[in-house]
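In the two complexes below, chain A is the common chain; its partner is chain B in one and chain C in the other.
Now for the complex of A and B:
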């Protein structure tokens, strides 16, 4: 009969109304600043630069190879390669000095969080962060992040993305073992010859 | 203090204050003291209603609603008001400045005019007119003019569309609104709201037997009146004039800041006024719903009934989706109008039959029959089935 559907609808909303006072499960709202959802492990917002040890400047993994700058679809990364090389402070490059980014800027107002920079980086040097409360009152300077703003310790990466960080650490350790085994093997096989010049080729572009 | 004194406390205070003032200005003071409380109480009620509505609607959608400003979010209207006041008031370049400026004022003024004839308690009515109902509907019709002024004066196609929809809708639903109240006028034999309330006084045991809502024609008339009232006050599901998803905000698209707030105020004031009229016509006005509750002052009962009807409005808003324009018009002319006509017919039978259970049944038959027939005819042989969604489930 006419009007039955309306009454059914009214009953449904009344049930919601009273149910929301008696059953907590109905209220799915998370009262954000006070309560927070645990972010899923794959959550990603903007990239950061990984550094090892405790010094962000010396321990930065980035070697300014510029692959990410080239690959970045919206071109939000801008890198200036250094003229000199810095010593391998954290020891992940088997003690070989490396180039480093004199300037490494990401314009996060342009960044589209696609993670391509992370995927192309051969040095595990750039990763995605999950911090999202990043509003600022400075439209231009505040959204142009320099390398100090971008630098985060590896422990931070391990904390926010444990699975990925473990993989990344394993890959780095394997690479390091390989890099150290190669000159050692070469030295063992031909002790007369000097250590191959290109031993570090895997790490240099 | 006796219950009588508490009931009449505002009337007594007013008389005392009027007598204190010099004789020359006594009429002016009397008018002022009648009008001023209404100008304060109903906007405050508006503020309370907005926050209650938002919280209620939230609960119906299983969320909290506003709960940040003040205890449980009850200071939210204050924050909204301050926000509306300090916002920039933008008038479009192409707008008809005068009409654009006057429209919200006229809306609020006509809404306030309607309160003049609504008895909010025993002996508490601003203007006890013999033709109060006519005055009420005339003021309500002026509301349409202000809405069309807003739409026309904005020089914006969305405003214009909204205003055209509003006028079409309000004129269509004014017919069933007035016709359903005509039944009451027929039985009460008066257009005066105070007389209509008096005719509904008295109890049968504890039961308020004479309330018109407890008669078959009154019950049907009340439902029809409330449906028409929903459409008159542009409330969901009849909120086509301001359908956000289609025409932004309808006739008040081009209003900002405090004028926008005035439109909201006017809309809610119209809703309160028409609910107040429904209380007066069908629910016994300020009378207590049970005979042993008469010790509670009459004005409390009036506002309790008013808020109950407002809660109904909110409940409906939380339940029903917006109608389409053709559905709106079909509903008004094909369903509401025949129903109100048969309600008038039924009230006529009621007037001339001796009271008793037979009268009740005889009066109920035409209404139920037409309802059933209309329900079948308007469906047009279509069958409503549970809709299945191929991809969503």
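Now for the complex of A and C:
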């Protein structure tokens, strides 16, 4: 009979409609912004610059090597390297003074959240943030983020991406231990210093 | 659907010679009467983006149809030619933005061929898993869109999107992004899957047939669907082959050609799955093709999740930055949900490709649109276009 198929379909629709009162699986709408989904750990939106210690300017890990500027696909990073060097506040360059970015701007209206800057940075200095409610009514200045706006403490990174942060901290600690072991090995006397506490925090993935 | 239909060689032998360049005709009929020309699009809801068709009508019937592309042109190929090999991966996400994983794979495959990079076993399995998940969500949403084009309001689309959401959640927890995954790298994949993630895939895969059954009882036997789809937009196997159509559209016309079987790229030769084929090449067959392919994808996923070995996910020789393949050329192709997606690269030994070319399945499948629409009403044009499965990001690049 003509129409059987349609009725059959409507039965399925009705089952879903009434089912949505009982089955959580059928009721998928989340009432944003009152309800929010938990973002997965891997979520990425825009990059930020990591700093250690509690001074954002002195503790920036970035050494203005410009690798990310070159590799960024839409070329939205713009860096000016400093003329002088700043002391190693973050403690990851074995005390050697480093260059620092005099200017580090990211045009977030151009950034495509691809994470390539994070992958290519050899110094664990740039990471992805997961904050997404970032609209602004200032379309020029408000979308060009300078290094102050971009700077975030390492604790923030540990909070939003615990697994990755543990890996990154472990890698830095290992690097540091190696750097410290080198003069020690040359002297062939003092035993290598034990890796700092953080290394133990690395978790299996 | 009969499993055994004519194979490719037999059909190629029957392909008629090319028609050559056809001059545009004035919009008048044989008696010299003025015909009605309408411009559908570029902002027509049925065009799935910005796409325009100049349709010439005689009464209700389509006598001519000229597709107009290019509204979404972003210079993708030239951008990639001016960027490092790595920098093109996030751009490939934006080609067919429903299937970023398979786009990544196609490009990674071409570069791996060009530079002679191997891929570890585990990475190959992960690629198969994410590609088949992509196929599931693409086909599910395509059917939803197609039903909406037929005027069945939004119910099938909502059901399809409910399932798609679960797959996108998996992509997000793996790669950090729902649609612009940017997940594959030359020589492997970017991050490893956890055991928990694989468990979620297995769970989703176990539930998926239930959704397909629900879809089927919602739609199969539906008189509106059959009336609007059966016998509409017939594409003959000869025309399908000679126009270069690929993917579900080619197979709906009964041509047994699936790059997963033909090339066996990745580890596809290890899985047992069948290639569904159509009999009539009409819109209904193209719809059925998607349903059946989803069932096959579920089978592949089951095997891939079961057999995935432990091991590294990146080739130790692969480097992220400063890739400089020696001069040469390579063509990598995969079976994306929409058809054969190919990337052609020429290297001149520098850090960026000398030539970068995408073979987009949507664009090539669209070239037979006029042949399918001739003699049908305007409302059928919408349905036929919907059954081709286009994404304008890929058509225009």
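In this text, the second predicted complex is superposed on the first by the 181 of 205 C-alpha atoms of A that agree within 3 Å, B and C clash if a C-alpha of one lies under 4 Å from a C-alpha of the other, contacts with A are read in each partner's own complex, and residues count from 1 in each chain.
The rule is simple: contacts are C-beta pairs under 8 Å (C-beta built on N, C-alpha and C of every residue); 3 or more make two chains touch, one makes a residue touch a chain.
Since the structure is predicted, the reported quantities are computational estimates derived from the model, not experimental observations.
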Next item on the list: Put chain B and chain C onto chain A via the superposition and say whether they clash or fit.
Entry: clash
Check: Does chain A have more residues touched by chain B or by chain C?
Finding: C
Check: Touching A:31 in the superposition: chain B (first), chain C (second), both, neither?
Finding: first
Next item on the list: Mind working out whether A:135 is in touch with chain B, chain C, both or neither, as first, second, both or neither?
Entry: neither
Checklist line | First (chain B), second (chain C), both or neither touched by A:12 | finding: both
Next item on the list: Once the structures are superposed on A, label A:41 by its partner contacts, choosing first (chain B), second (chain C), both or neither.
Entry: second
Notebook entry, point to check: For A:22, is the partner it touches chain B (first), chain C (second), both, or none of the two (neither)?
Noted result: neither
Margin query: Give me the intersection of chain A's contacts with chain B and its contacts with chain C, in residue numbers.
Written below: 2-3, 5-6, 9, 12-13, 16, 26, 28
Check: Where on chain C is chain A touching in the complex?
Finding: 83-84, 86-91, 155, 159, 162, 165, 169, 172-177, 180, 182, 190-192, 194, 214, 217-226, 320-321
Item checked: In the complex, chain A residues that touch chain C -> 2-6, 8-9, 11-13, 16, 26, 28, 40-44, 67, 71-73, 112-116, 119-120, 128, 205
Next item on the list: Would you mind writing out the residues of chain B in touch with chain A in their complex?
Entry: 56, 59-64, 67, 315-316, 318-320, 371-372, 374-375, 378-379, 384
Notebook entry, point to check: Inside the complex, what are the residues of chain A that reach chain B?
Noted result: 1-3, 5-6, 9-10, 12-14, 16-17, 19-21, 26-29, 31
